[in-house]
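One chain, chain A, appears in both complexes that follow, with chain B as partner in the first and chain C in the second.
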Partner chain A sequence: MIDTAIASLTSGGAYALLGVGLVLTYRMTGVLNFAHAVVGAFGTYTAIVAFEAGVGYGAAMILGVAVAALLSGGIGVVMARWFAEEATIVRSTVTIAIFLGVLVVGFRLFGDTPRVVPALLPGVRLEVGTVTLTGSTLLSVGGVAVLAGAVAWFLAKTRTGIVLRAVSERPTTARLLGVPLRTLVVAVWAVSGAVAGAAVTIIAPTRTNDYASLAILILPALAAALLGGFQRVGATIVAGFGIALVELMGARIPAVARYRTVVPFLVILAALLWMQRKEVWDEAR
Partner chain B sequence: MLVTVMAIVVAACTGGSVEDDAQTTTTVATTQATVTTTAAPATTAADLEPIKLGSVNSLTGQIVFPEASAAAKAVFDRVNREGGIDGRPIEYLIEDDAADPAGAAQAARRLVEDEGVVAMVGSASLLECAVNGAYYAEQGVYSIQGTGVDPLCFASSNISPVNTGPYLGYTVSLYFASEVLAKENVCALIFDIPDFRPAMDAAIQQWRDLTGKELAFSNFTLQFTDDVTPFVLQARDAGCEVVVSNGLDVHYIGFMQALQAQGIDDMAWVGLTSGYTAEVAETLGSMGAGSGILHVNSEFEPFTLDSPVLEDWRNLMTEAGVPLTSFAEGGYLAATIMVDVLEGIDGPITRESVSEALLALEGYEHPMIGSPYSFGDAPAHNPNRASKFLRLSGGTWELATDDWVVLPTG
Partner chain C sequence: MRRGDLVLFGSVAAATVLFALLPPFWAFLASSAFISALLVSSVGVVYGRAGMVSLCQVTFAGIGGWVVGYLGVATAVPYPVALVLGALAAVPVGVVIGLPALRLRGVNLAVVTLGFAVAVSSVVFVQGFPGARTNDPVTRPGLVAGERGFMVFTAAVFLVVAAALLATKRTRLGAAWEAVRHSERATAALGLSVPFIKLSAFAVSAFVAGLAGGLLAAQLGFLNARNVEPVDSLVVFVIGVFVGAHHVGGALLGGVLGSFFPELLRRLSIPQDVGPILFAIGATHILAQGGRGLAEHLGRRRPAAGGDVVVLRPEGGAPTRHRADPGRDLVLRASGIEVRYGAVVALEDVDVEVAQGRILGLIGPNGAGKSTLVDVITGFHRPDAGSVTVGETVLDGLPAHRRARLGIRRTFQTERTVPALGAGDYLRLAAGGHLDRAEVVELLAFLDGPDPDTPVYAVDTGTRRRLEIMGCLAARPTFLLLDEPAAGLTEDESLRLADRLRQVPERFGVGLLVVEHDIDLVAAVCDELVVLDFGRVIGRGAPDEVLASDVVAEAYLGV
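Showing the complex of A and B:
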């Protein structure tokens, strides 16, 4: 039982990392980025292809993260250049189009057959009593801890962080005050792309993957970010781990086991209903 | 709201691109079929009418089976080079169904009605039997299936596959785990493919009936893209000494990776023929996982070993550029049986005379299979009841059983 909970940490960490990436781009650039996971999946698959072509394992993985960062930075350029003044709903819709574009291009490049990804730290195993922590688990949880710490520090303690928050709320005012808007926005996109690439690369070796199923990791990530209200990094992280735990625990209960993959949908639905509960009442009046 | 839109978009998109693929491929397949048509009769007996044989295969899509028909083609090409059947060349028509029911139905109708094939041979498809079994019965066409996959391949009066298939294959694997490995706690981990579930249940029931034993633990809910770790842990917690699982080749790698990551080395694993590939052995070898733990079932004489039985097969496949796999063995075997059937017919070779010969075919022995092949007039056929088992040792497969493990009848 405890082992299963521990095993869920790898997926949970990846969901949390992806969720935090969503929260970051939303808070700092005012975009709900639907293309987040597919960019990560694109990076991971680039890494797999490079690895299969003979590039060293570590170098291939770093290449994958770099490709995700570049791709995401490219999306950032598009956003900053043409959609900086648009409403959040418009910018978010643009990312749906980008999501589809990257998905289709990836399909053509990588095909739809499942691939095997070697474990990131195959030899690493930490035994705590009867419980085994694998290399992937340690990386995933460690990655979340580092990212959460960095984000908290960056947003609260650095000038750039505060400026970015200003940019997301009043882009024009910020620019009039002399903030180098584009550079900052592109940087945020690139960093969030790198985090997505790393998250997908961590989760990839733990399951049998095809490109599409990795791109669909956007769903648990969205569910986690939604539970964090697209604002709170801490709540998003807890939600990410929680969703993974519920998914895996579901496998132990025969009656619900077949349906456990719909967990993110249920979470999203419940969260939306809960958040809308007052507004429905208001409108009805 | 956005999220719901997103979900719909995702669903729509995935569906769309798959369909796209299917369409592109139909064109490819047609071209292929045409190429075969023109290439085959280029032999000695040009003025004699060719004997037309057909096959329906999943050649494009997510799960493909290209080797069986390619291997069968190699056999027929050789027959043609050597003068054909009583001077008549064989024209072997390969159709692609793109794992699409409509594609499979159209392919069969094209072959049976437009081309007038005398029989089907060497087909390997994800769903061909389910779609065309009843049609073949209606048309009086018989099929020596190269690789039977869907449950109806083993439940049709007009189809008799040369392979054991994933259901009886599962029974043999359970039998191997409990009787040959002689493990006490036998467990089952099974990927959830809704259409296949009744056949899997029947396969397990057959093992219960044969051995009088019960599974110590089972889980039928694995999804193809799951992290398998929690299932492996469940099996360990249930005290499983051996786990018998189905899955694609990549899943056996996933299972062994999970066992390695969790430091479990005292639980044996038995997989189906889908796990018996050179790549699985190499990949696991390079990871240092699964050695001595993973066993797989070979429905034919194991192709990775240097068996003299396979010399002709190996030479022919290498010459024709067909990958050396179990599927290629199935296609070769199906074609070889068909050639023997055709050669044994006195008088004109027509759909009627071939059907008659197949209905009379019983106890066909071949060293590549451990139990005789048969067709006959039974309402269902699953003649291959024997497997050899291999064990992973480092990065290579070694024999776990010298002799065939033959499932007792009854």
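Showing the complex of A and C:
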């Protein structure tokens, strides 16, 4: 059991990172970003291609994260420029179109076969009692800790963070107060893209990593964000680790091992059933 | 059917004949186009008309194809019957995954359908479709065995589905889909169950997609997982957004984009994946324009807002019949109402009573809790304490649409009519039951409405606000709650509205509760006033006395 839990930490951390990115873009800019994971996958594949072409390992990884940040920032520009006043459903629909676009462009550039992805921090191992933590696991869990801490600190303590919270609650008011809304929105998108790039790169060596499979990481991320109510960062992180644990426990039972992709779907169903205890109405009167 | 639609159907029939004369390869392409057009139509129902995002339409097609294949291998059911059964099989599946998503607002359906598409693909479809392993293809009966015959068959299926979907636009359900796309609150206020309406749209779209899958299975012999991948659902959805899938023309255009366009790219030696990229760009462009698809741009132009509005004047005539039994004077009573948001008390121990045939005014400064009280009475907000009754009937716990059906109607501070409907159709939808043309015209005349055929989007805000009131009255309610009906009206309009509201209790047998800031209107119309301030009742009584009292002056002016 402990082995399973430890083994699920890498995936769990990545799900949590992706889920937190979804929650942040939803809270700050009112978009459910379906293109989130595919942008991360695009960054990861850029890193792989660069590495295969002879770019140094660290440089390639940084390049990948940077590309994901740029791509996501670009989506942010589109959102801020053309869809600032639209309803959440419209903006989310736009991200579905972008999901498709980035997916297909990636197919063309990267093909649809899995690659050998070098594990991150290959030499690093941490022995705690009988348990061994690999470099990937440490990065994943550490990444979550750093991100969670940074988000909490940023939103509570910095002026920009407070402004961003104001923006998410009252966009028009914030703009009237002279907040440079577009710049902030684009920055949120870029940061969330960078986190997605890092998360997908961490998880890529540990599983089937063709481009489409990595793009489908949007599902566990959505499930985690849904359990966090698209509001709570902490709950999303816990949910990310929980989903990975359930997946891996399933994978160790031979009879259900092949159905691992169903886990996020079942979590989504359960979360929705739980959430609809009370009726919720659309925008205020 | 409108003239433009007739021309479109005629053109499809003519094109079908033309393709039947060409070599079979072209017939095959044309069949693919009709199958794609069906898939795009399914997006048109769920997204184009009901405004929800579904990302598993191709999965429904796969289910339809799976069942058709299974029935072909395991039974002697003839193909057309199997086709319908396959489509029907997709419906309960859609209901099961739609139910949890549809009671909640927003994009939950998109999330759950994406998860469903991936799950079914990797668990069911990947194991192969019935007949594929044993090389036992779906057999098409004699007439449609050849490519040309089959193409004619797919065209016929598409036309029947398109005609049926077009016919639903004139029905109550079709109007309800439009309403729910526009505003869930307003839909519930019309007495319609929001989850049921959404679910019906999703189920119909699953059926249409299932049909497409059954056709695809017959076209190819059997399906394999590659034919029905989750990404195909994304492509179909994005095409649907791009073309305006709720129009027949849009669906056809989508079919052409899904079938002939890749072929064109192939012949031009352009990589075929350019297609989806262009669709994605096109869809984004359409959304940025605030449009509802390419078909709307290519087809008839919308008349400019504020166009020819025909104002009908009342012509005297017999007074409207009352549905409410005049012998039973019901009383709507809210007692001990309390609403808290955390530490903030929005309403505290509020008692309000309206009798049928009377007009109660509810006034108070902004934030006093007036609209919250309306929300509580009409079932949009559950109070923390207190009870709402009509006569002997206790309404507590009843959802908003059930209260509306019991005859408690409301309007909103911002108008929430359904822009895509005609004024008459809107009234019919709001009425909830039968409403003949004479009644429509009479209602429109009573409150200076437009001609019944004028689309709602073409009239000004003041007229829409009155249309909303007319819609409520059309339902013959026992009580009507108006939330700031004069907001945004000109002074003349406001005076005229006051005059008409005065007549409402007598004419329609309704008890009115009017929330209003326009003190002149309140003084002119109401029999009794209740004043709210910081969630408490600070005054009540006859309008003259209440408006003259010191407490009220203090609450309003701070003196």
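Definition applied: the second predicted complex is superposed on the first by the 278 of 285 C-alpha atoms of A that agree within 3 Å, B and C clash if a C-alpha of one lies under 4 Å from a C-alpha of the other, contacts with A are read in each partner's own complex, and residues count from 1 in each chain.
Operating definition for what follows: a contact is a pair of C-beta atoms (placed from the backbone, for glycine too) under 8 Å apart; a residue touches a chain by one contact, two chains touch by 3 or more.
No experiment lies behind these values; they were computed from the predicted model shown.
Participant: Identify the partner contact of A:T134: answer first if only chain B is touched, second if only chain C is, both if each is, neither if none is.
Facilitator: A:T134: touches chain B, not chain C.
Participant: Regarding the shared-chain residue A:F34, is it in contact with chain B (first), chain C (second), both, or neither?
Facilitator: It touches chain B and chain C both.
Participant: Looking at A:P180 after the superposition, I want to know if it touches chain B, chain C, both of them or none. Which is it: first, second, both, neither?
Facilitator: Neither partner.
Participant: Once the shared chain is lined up, is A:R115 touching chain B (first), chain C (second), both, or neither of them?
Facilitator: A:R115: touches chain B, not chain C.
Participant: By the touch definition at the top of the document, which applies to A:I218: first (chain B), second (chain C), both, or neither?
Facilitator: both
Participant: Contacts for A:S92 in the overlay, against chain B (first) and chain C (second): which applies, first, second, both or neither?
Facilitator: both
Participant: One more residue to check, A:L100. First (chain B), second (chain C), both or neither?
Facilitator: It touches chain B and chain C both.
Participant: State whether A:D3 touches chain B only (first), chain C only (second), both chains, or neither.
Facilitator: first
Participant: Where does A:G56 make contact in the superposed view: on chain B (first), on chain C (second), on both, or on neither?
Facilitator: Neither chain B nor chain C is touched by A:G56.
Participant: Which parts of chain A are in contact with chain B and also with chain C?
Facilitator: Residues 32, 34, 89, 92, 96, 99-100, 103-104, 107, 212, 216, 218-219, 222, 226, 258, 261, 265, 268, 272 of chain A touch both chain B and chain C.
Participant: Under the stated contact criterion, what part of chain B meets chain A in this complex?
Facilitator: Contacts found on chain B: 1-3, 5-7, 9-10, 13-14, 17-18, 21, 62, 192, 219, 221, 223-231, 233-234, 237, 248, 250-251, 253-254, 257-258, 260-263, 283, 286-288.
Participant: Which of the residues in chain C come into contact with chain A in the complex?
Facilitator: Counting only chain C, the residues touching chain A are 51, 53, 55, 97, 100-101, 103-108, 110-112, 114-116, 118-119, 122-123, 183-185, 188, 230-231, 234-235, 237-238, 241, 271, 273, 276-277, 279-281, 283-284, 287-288, 290, 371, 375, 380, 399, 412-414, 483.
Participant: Tell me, which parts of chain A touch chain C in their complex?
Facilitator: 32, 34, 78, 82-83, 86, 88-90, 92-94, 96-101, 103-105, 107-108, 212, 216, 218-219, 222-223, 226, 258-259, 261-262, 264-265, 268-269, 272-273, 275-276, 279-282, 285
Participant: Which positions of chain A touch chain B when the two form their complex?
Facilitator: Spelled out, the residues of chain A in touch with chain B are 1, 3-4, 7-8, 10-11, 32, 34, 89, 92, 96, 99-100, 103-104, 107, 112-116, 118-119, 122, 125, 127, 132, 134-136, 205-210, 212-213, 216, 218-219, 222, 226, 248, 251-252, 254, 257-258, 260-261, 265, 268, 272.
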